[in-house]
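Each chain gets a letter, A, B, C and D, in the order it is written, and its residues are counted from 1.
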Amino acid sequence: MGESGRVPVGIVGASGYGGVQLVRLLQDHPNLELVYLGGESSAGKPFSDLYPHLGHRVGLTIEPINPDVIGDRCEVVFLSLPNGLACDMAPLLLEKGCKVLDLSADYRFSNLEVYEAWYGRERTDQSVASTAVYGLPELYRDRIVEAQLVGCPGCYPTASLLGISPLLKQGLVIPETAVIDAKSGTSGGGRQAKTNLLLAEADQSLGAYNVARHRHTPEIEQVCSDLAGHEVLVQFTPHLVPMVRGILATIYATLRDPGLVRDDLITIYQAFYRSSPWVRILPSGTYPQTKWALGTNLCYIGIEVDPRTARVIVMSAIDNLMKGQAGQAIQCLNLMMGWEETLGLPRLSFYP
Amino acid sequence: MGESGRVPVGIVGASGYGGVQLVRLLQDHPNLELVYLGGESSAGKPFSDLYPHLGHRVGLTIEPINPDVIGDRCEVVFLSLPNGLACDMAPLLLEKGCKVLDLSADYRFSNLEVYEAWYGRERTDQSVASTAVYGLPELYRDRIVEAQLVGCPGCYPTASLLGISPLLKQGLVIPETAVIDAKSGTSGGGRQAKTNLLLAEADQSLGAYNVARHRHTPEIEQVCSDLAGHEVLVQFTPHLVPMVRGILATIYATLRDPGLVRDDLITIYQAFYRSSPWVRILPSGTYPQTKWALGTNLCYIGIEVDPRTARVIVMSAIDNLMKGQAGQAIQCLNLMMGWEETLGLPRLSFYP
Amino acid sequence: MGESGRVPVGIVGASGYGGVQLVRLLQDHPNLELVYLGGESSAGKPFSDLYPHLGHRVGLTIEPINPDVIGDRCEVVFLSLPNGLACDMAPLLLEKGCKVLDLSADYRFSNLEVYEAWYGRERTDQSVASTAVYGLPELYRDRIVEAQLVGCPGCYPTASLLGISPLLKQGLVIPETAVIDAKSGTSGGGRQAKTNLLLAEADQSLGAYNVARHRHTPEIEQVCSDLAGHEVLVQFTPHLVPMVRGILATIYATLRDPGLVRDDLITIYQAFYRSSPWVRILPSGTYPQTKWALGTNLCYIGIEVDPRTARVIVMSAIDNLMKGQAGQAIQCLNLMMGWEETLGLPRLSFYP
Amino acid sequence: MGESGRVPVGIVGASGYGGVQLVRLLQDHPNLELVYLGGESSAGKPFSDLYPHLGHRVGLTIEPINPDVIGDRCEVVFLSLPNGLACDMAPLLLEKGCKVLDLSADYRFSNLEVYEAWYGRERTDQSVASTAVYGLPELYRDRIVEAQLVGCPGCYPTASLLGISPLLKQGLVIPETAVIDAKSGTSGGGRQAKTNLLLAEADQSLGAYNVARHRHTPEIEQVCSDLAGHEVLVQFTPHLVPMVRGILATIYATLRDPGLVRDDLITIYQAFYRSSPWVRILPSGTYPQTKWALGTNLCYIGIEVDPRTARVIVMSAIDNLMKGQAGQAIQCLNLMMGWEETLGLPRLSFYP
């Protein structure tokens, strides 16, 4: 506990979008205090060199990454590193007694072979990995409360799983008919300078990518299988949309009972998410706009049934950097600390 | 034939985006001469009051809509009016000997009951309507060549049908598994001032609309049924994307033969569109960006197969105002006049 | 004082962007409680019909505008109406003992003849108008503290005046050389559906408007004259930029003393705004991005001197709907109530 | 002359935006044939690897840069390289008899010391450089006709100089009062992946850069001085705007004769550009939108006078990659070849 009486928190990999979201969110959190920022290429730089607009609020300098130092100084550590690095760092921090929330893919898989197959890196930390909990509170709240290590979900899986879970959990649809057509703003690609993410390229354009092979697929399937009680394969297609933030997942599946109507499903969804303050089921006939979720930790879900085709269409909208990343990590931490799930998180967008 | 030796052309409903595209395209067409612009609320105004950037090239003033005058002056008339008006005007113009290309929905349906059900207007022009040809040259080239009246397809149906047709025509997929997730720039909503199309609302946002009930659905189904040889229902969902132009249709369907691979399908598509200069099948592993088609009459098609799920995913990209509207209308007219299908149409985007 | 112990607040003209910003800001303000929303065309509708994303937080229905009812129920009233309506309503509300903050132009002018000349409406409420204070706290904090009626500044004047004031107040520049080239996102045009504000029109484009005759000019000149101690005319040119929010004012003026360097001016600006928590003077060589201010009540100011031309160039960036409108109104109210100027206002943008 | 009877053309530095614009424009030019594409890091790649949408039209592979090979194969060479490379290459190509059009800054300066001071590279090719003509046809048409080596202007100077030239040439304004506030889409930054040009960073934002020290300043001043007949310093400030293409220069200057009205100036501008088919002077009260110029070689100019301040405000809009770069280069080549200035260049935007 710091002098402020607040829990001291560190962020490793502070220079990217995940890092700056966390820094920003921590400014408003009443129980947390940011005490450490770590980075490699940016070590030694004041954080405000990277993000000048924060200069009057964030005085920290980015430090080299040293697990001992971090462990001494922080009770909680967020790892916001490229895939394949957290699994070297997390075991050391856990040993030092830190709670660890990893924003990469390293601790999302209960079966490390799946990770190895999709991410192409061998893993030798099975025992630590087996203690990790998948950080989607709406599904795994009870386990997150007990966790020391949370593997925070990807942005696409968050939007997709919040949209599809009630259908699978209740057995309302035929799982193998599920098609998830997801669309994301370009900030999902991170702060790395890539040609295809330039405004000049990405603006006024729209396209799919990694069709039939995006790495978020196995993560979605793991949870879907868990919910359905048997192995489920889903069709997942990501698209890049010319906007900064936001994900919309449009989910299609064939109803087992073609007699179900829209309002039945809305009732089922409302019940499913009754204790989930961050999920809003929209009224009949209202579909979500990603803009509604911007800058908040909310997920808006709209539901439609097509009686002609016996399909349900679910639309799930989040801010990819908030509920899809940093906001959800704080939500998990709130649970791990025994606090209100909503503590210190932004609850309403500025519109328009 | 005008003094210029070119065919005199009129546009009724010139003030909207369809109108201004046609005006623009006609400036570059070697065999056509724009001689008439008609409108209601805009009658009496120089066209350059509406579109000042054209002032140095287009000197015409918008005239009141008088079928007799139009018929006397024009050999060809484009109708770019709201749904339900062309069916009053077209019969008169046809009687005067004009070739008529309608950009609205009025002449897209072989069965007028379908039109009446989806558009809520009774029709009494069965005999004229029965002579109309659906203006998708890649499928109905032979009939367009003979037509006096063409019902030009909607923007979504153009992208969707060019993407799905080879699959249905060749019986490669199970039709009822077809899901079309389509995304459009906001110019598809026309030049009417609607709150949801304001930049302040639509930018940085993304959402589905008219889910399970968009009026382009029956149009897509009519052609799909024609190709499949039996009635086909499709799942069609339109989305509004924060960009000016462009449509991407992402199409999912289950393969009858799960042994088919991507390259098989690319070969089939290339054969299907061998004589279609405006359709480009992309190489293996390349997916279309809508930007590639902007300002052109092209349709770019990318194909993927997911061996895990036995689905084919087809991505079809067009400029919604060109191949999706005005460009395709000129393409049809080229055929009706016995000219090259490509005559006078833009063939390459300016990038980026 | 409401049951909550918080001050009851009403908003007249709640349906526009000014209204929804206020509604949003009031959700986070610890001392204020929104108890009334008034409108004309929208009366009778739940507010969430206009802004569905707020449905789970704002349960109010828009009521007809009745000054008696408002006065009975509210201690504070924000008027967010088109120009020329507040001056009918404010006197009635003041009589009922309300504090009134007007977001329109009606109470911005100390000389009503200037208002009449630029806004084309006669005024007969001279006595009430003479009690109004111009709601720019950085310049008129002392008077706002005492005011019952505040005329909140326009968005362009806020950015322009915060940028230019230290120069004029200290006599550092030749006033008649001042050129203000201002650029705004399209939300400044409000939620009315106008063709030129459609995404299809405004996106990918940029232009000036109302050159040499924008109505914010006399408002800027009134304050500049006040600061300079004699009448000052400024050159003010607004531009529309393809983005939702944000204003950047680029201000040029010739220095009286060409020996002044950048760091001198930065020091002067820092001193001028020492007690102004919402103004941030950027370090030497850093220029503001409008994005830094989005969703906050901040104004970021960057300063450059061109020794070749002896001009100072000041760049001032705000969120046009926050510091440029609703945020500033709350800032004024905080002062009127004797609270901290920063109370309940967002202090940091979400980036990117 | 190639087998096609068309003039063989090469492009060195084909992979960037300047290169792809030239490639695109050459597809439509009746007298030119693209026979060579050269690059360094991209050598060996089919051009369609970089720009897949061109795959069906451009079959060329990028070759290593060898002046001998280029000189043998091409009559005309466009150099689209970073600053400081063309001056090594151009002399060799000129010796081989090629006409050379350089898109970089290397041959824009009549006084190489100015170049050396602003670009930080020493030059030893004074004799070749002295033969170069500044490629702004509206001012230097006669000299371009005779030139073998043209230094094509920067994008900002083109917009700025077309806007300000009549004022200076006719002595209508006091030169030292000139302020040029310029705004550009992000494609002006090229196809290099830079963080600040990412859509996630640049969208929804606006800022000035290189204030008081942008390298296009001396280029503007060189021509202004030439027109004014004495040395002129201008205030030039570039801004980055969230759009792909387009530049707007808003130009302010104090009139020598405050009695001049808007229509006087419009008449003077029309006369000045009477023989310039690519400049359009807008009617009284109409101001240009950058969108009007997109995809064309046009410059739209709007003019306003503020009688209150005795200033003229000129707004000049171009497509930064067309009239601001590749289009203008072709325009120059047309003149060098003795062809119509307009030959093969796009004359009308697709709107919206």
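Definition applied: a contact is a pair of C-beta atoms (placed from the backbone, for glycine too) under 8 Å apart; a residue touches a chain by one contact, two chains touch by 3 or more.
Given the structure is predicted, the values throughout are model-derived calculations rather than measurements.
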Chain located farthest away, centre of chain B as origin (C-alpha): C
Equivalent interface positions on chain C and chain D, same or different at half: same
Centre-of-Cα separation between chain D and chain A, whole angstrom: 46
Between chain A and chain B, centroid-to-centroid distance (C-alpha), Å: 39
Chain A residues counted as touching two or more neighbouring chains: 17, 185, 187, 191, 200-201, 203-204, 242-245, 289, 291, 294, 352
Touching residues on chain A, where the partner in the complex is chain C: 17, 20-21, 24, 27-28, 51-57, 187, 191, 203-204, 244-245, 280, 282-283, 286, 289, 291-295, 300, 321-322, 346-352
Chain B - residues contacting chain C, complex: 17, 185-187, 189, 191, 193-195, 197-204, 242-244
Residues of chain D that touch chain C when the two form their complex: 176-177, 179, 181, 183, 185, 200-201, 203-209, 211-212, 233-235, 237, 239, 241-246, 248, 250, 252, 287-291, 294, 302, 304-306, 308-309, 311, 313, 315, 317, 352
